[in-house]
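Right after this note come the structures.
Here come two complexes built around chain A, the first alongside chain B, the second alongside chain C.
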Partner chain A sequence: MKIEIYGTGCAKCKKLFENAQAAAGSDALVSKVEDIQQIMNAGVMLTPAIAIDGEVKSAGKVLSVDEIKKMISK
Partner chain B sequence: MIASAPKDEHNSELRRIALVVCAVVLWAVLYAWLETLARWLTIIVLHLDTASQFGAAVAFFIYEAPKVLMLLVLVVFGVGVVRTFFTPEQTRKMLAGRRESAGNVLAALLGVVTPFCSCSAVPLFIGFVTSGVPLGVTFSFLVSAPMVNEIALVLLFSLFGWKIALLYMSTGLAIAMISGWVIGRLKMERFVEDWVYKMQVGSSDCASPHQSWDERIGLGLDAVRDIVGKVWPYVLAGIAVGAGIHGYVPENFMASIMGKSAWWAVPVAVLIGIPMYSNAAGIIPVVQALLEKGAALGTVLAFMMAVIGLSLPETIILRKVLKPQLIAAFIGVVGCGILIVGYLFNILL
Partner chain C sequence: MANECCSGTTTVLFTCSGAANVGQVANQAAVDLQQEGIGKMLCLAGIGSHNSGMIASGKGADRVVGIDGCTVACTKKALEHAEVPMTDYVVVTGLGFKKQAHDGVVDKEAVEKVKDEIKKCLGPVVASGGT
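Entry: the complex of A and B
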């Protein structure tokens, strides 16, 4: 599984990245996308956003570890 | 579990709504008794004389701090729930291809209810202009979103009363509409960084519009945790400074510096306000105390709008997508609007 965190590097984005890493453990590859062109390509207008396997699941919110876990298991 | 899911969901939804109703009733009772409670605490428990300087300052704090925090929790929750009905994606769709004047009005109004944080100002800006929202209309949104926000309105309402809150909201919206329109008339599209219009923008609408009330209430509570959790120290610090001014600064002390007769006070207030970075929560209690000591309302309003509406961090973020000329036009036009509002109220009231 592939998890991407979209954000231009603000504190909230870092937090979401950490939460995603904690939630995914070794099951998924979590990466940060900081390039504005790529962020716009994904259609993200509110940062931070999280995409799982290329699909944007949530935008503009720092999800908790549990919330991300729930998303992954779906 | 899957089979019974709809019923479970329905039950938990009803339970949550009932809980919210109970909480609101409890809130109202506490709020109604707050003044009595605060007075009892100050006079009977702390043995303070409210006529003394220290007593007046403490009494002010003991009453105002819980009052503002309570209102903040209620309104942030309400706005948090309302915001679940709006996403930037929908706002963009509503604004794309709009004609200018009507678009400016709509953009300013949507700025109040669309979730916004200055850290996502850049993707929002690109998303708007590349999908055909006119530049001026985009600016109406960008001006109104930070300036007319729920925190400012709560503080204005609780410390100044509904008239000034309404005044702030309507003039703030007017500034957003008109300055966006002016920026549109100036034809400044060429001062947007060139790469912006070449962007390929995908679309995604992840926040589904069909959320249950359970989820909406949950999101409202998240907003309370997030926003009130962040601003309460500012609110308390602001009220503490305000309380100090309330108790110790003599009556009419501010009249000579920030009074009506000092014509230069409005521009100075705006110039000081622009680089100052504070949110509404910290600045409004201080400003209220100044007003009480003889500062003129127009000057105070102008100062507040400059601090809240034009922030240095946001302009630095926007510099990524705007050339300096457009940044200057943005600050200039909005700053002039604030100046006019300041003078207008000093003359009218």
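Entry: the complex of A and C
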């Protein structure tokens, strides 16, 4: 599984990245997308955003570890 | 731009941008509002094409403004289909403007009226400076 966090690097983006890492454990590769062009090309207009296996699941919110775990298990 | 994460209330604007005169009025109103710092325009076509980033961005906003040219209601229906909850809605023909073929000139009076309606809807949000 591949998890991507979209954000230009503010505190909320970092928090979402940390929460995603905690939620995924060793099951997924969590990476950051900080380039504004790449963020916009993904259709993401509000950050931070999270994509799981290429599909953006949430934007503009810092999801909790539990919320991300629920998303992963779906 | 996409880095809206540290702002307060997030307002997004979806417009039908239709081919008819009223669709173009709807589009221009959203362009102007964004220029004035009232909301961020998002692509309705991105909703129609099921772009997950655009859908998630719509769902992540606090206020979702829809602007349709006419009662065919393309914005409203597309947002409903994607389960993006719309909070504020304006239809150009509902303000007394007639739908006809676009002749290349956007009716400025209509654009201003649409903008005024949206500003009225967003009243407290606009006043607080949070968009």
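Basically, the second predicted complex is superposed on the first by the 74 of 74 C-alpha atoms of A that agree within 3 Å, B and C clash if a C-alpha of one lies under 4 Å from a C-alpha of the other, contacts with A are read in each partner's own complex, and residues count from 1 in each chain.
Here is the rule we use: a residue touches a chain if its C-beta (ideal position, glycine included) is under 8 Å from a C-beta of that chain, and two chains touch if they have at least 3 such contacts.
All values reported here derive from a predicted model rather than from experimental measurement.
Touch criterion not met for A:S73: it reaches neither chain B nor chain C.
Applying the stated contact rule after C-alpha superposition, one finds that A:M40 touches each of chain B and chain C. In the superposed model, A:A49 makes contact with both chain B and chain C. Judged by the touch definition given at the top, the superposed model places A:S26 against neither chain B nor chain C. Overlaid on A, the two complexes show chain B and chain C touching the same residues of chain A, namely 8, 10, 12, 36, 39-40, 42-47, 49, 56-61.
Every residue of chain A that touches chain B in the complex is listed here, in rising order: 8, 10, 12, 36-37, 39-47, 49, 56-61. Chain contact summary for the complex, chain A toward chain C: residues 6-8, 10-13, 36, 39-40, 42-49, 51, 55-61.
Listed in rising order, the residues of chain B touching chain A in the complex are 87-89, 92, 115, 117, 119-120, 122-124, 126-127, 130, 199-204, 206-207, 222, 320. Taken in their complex, chain C has these residues touching chain A: 1-6, 10, 12, 40, 42-43, 46, 51-57, 59-61.
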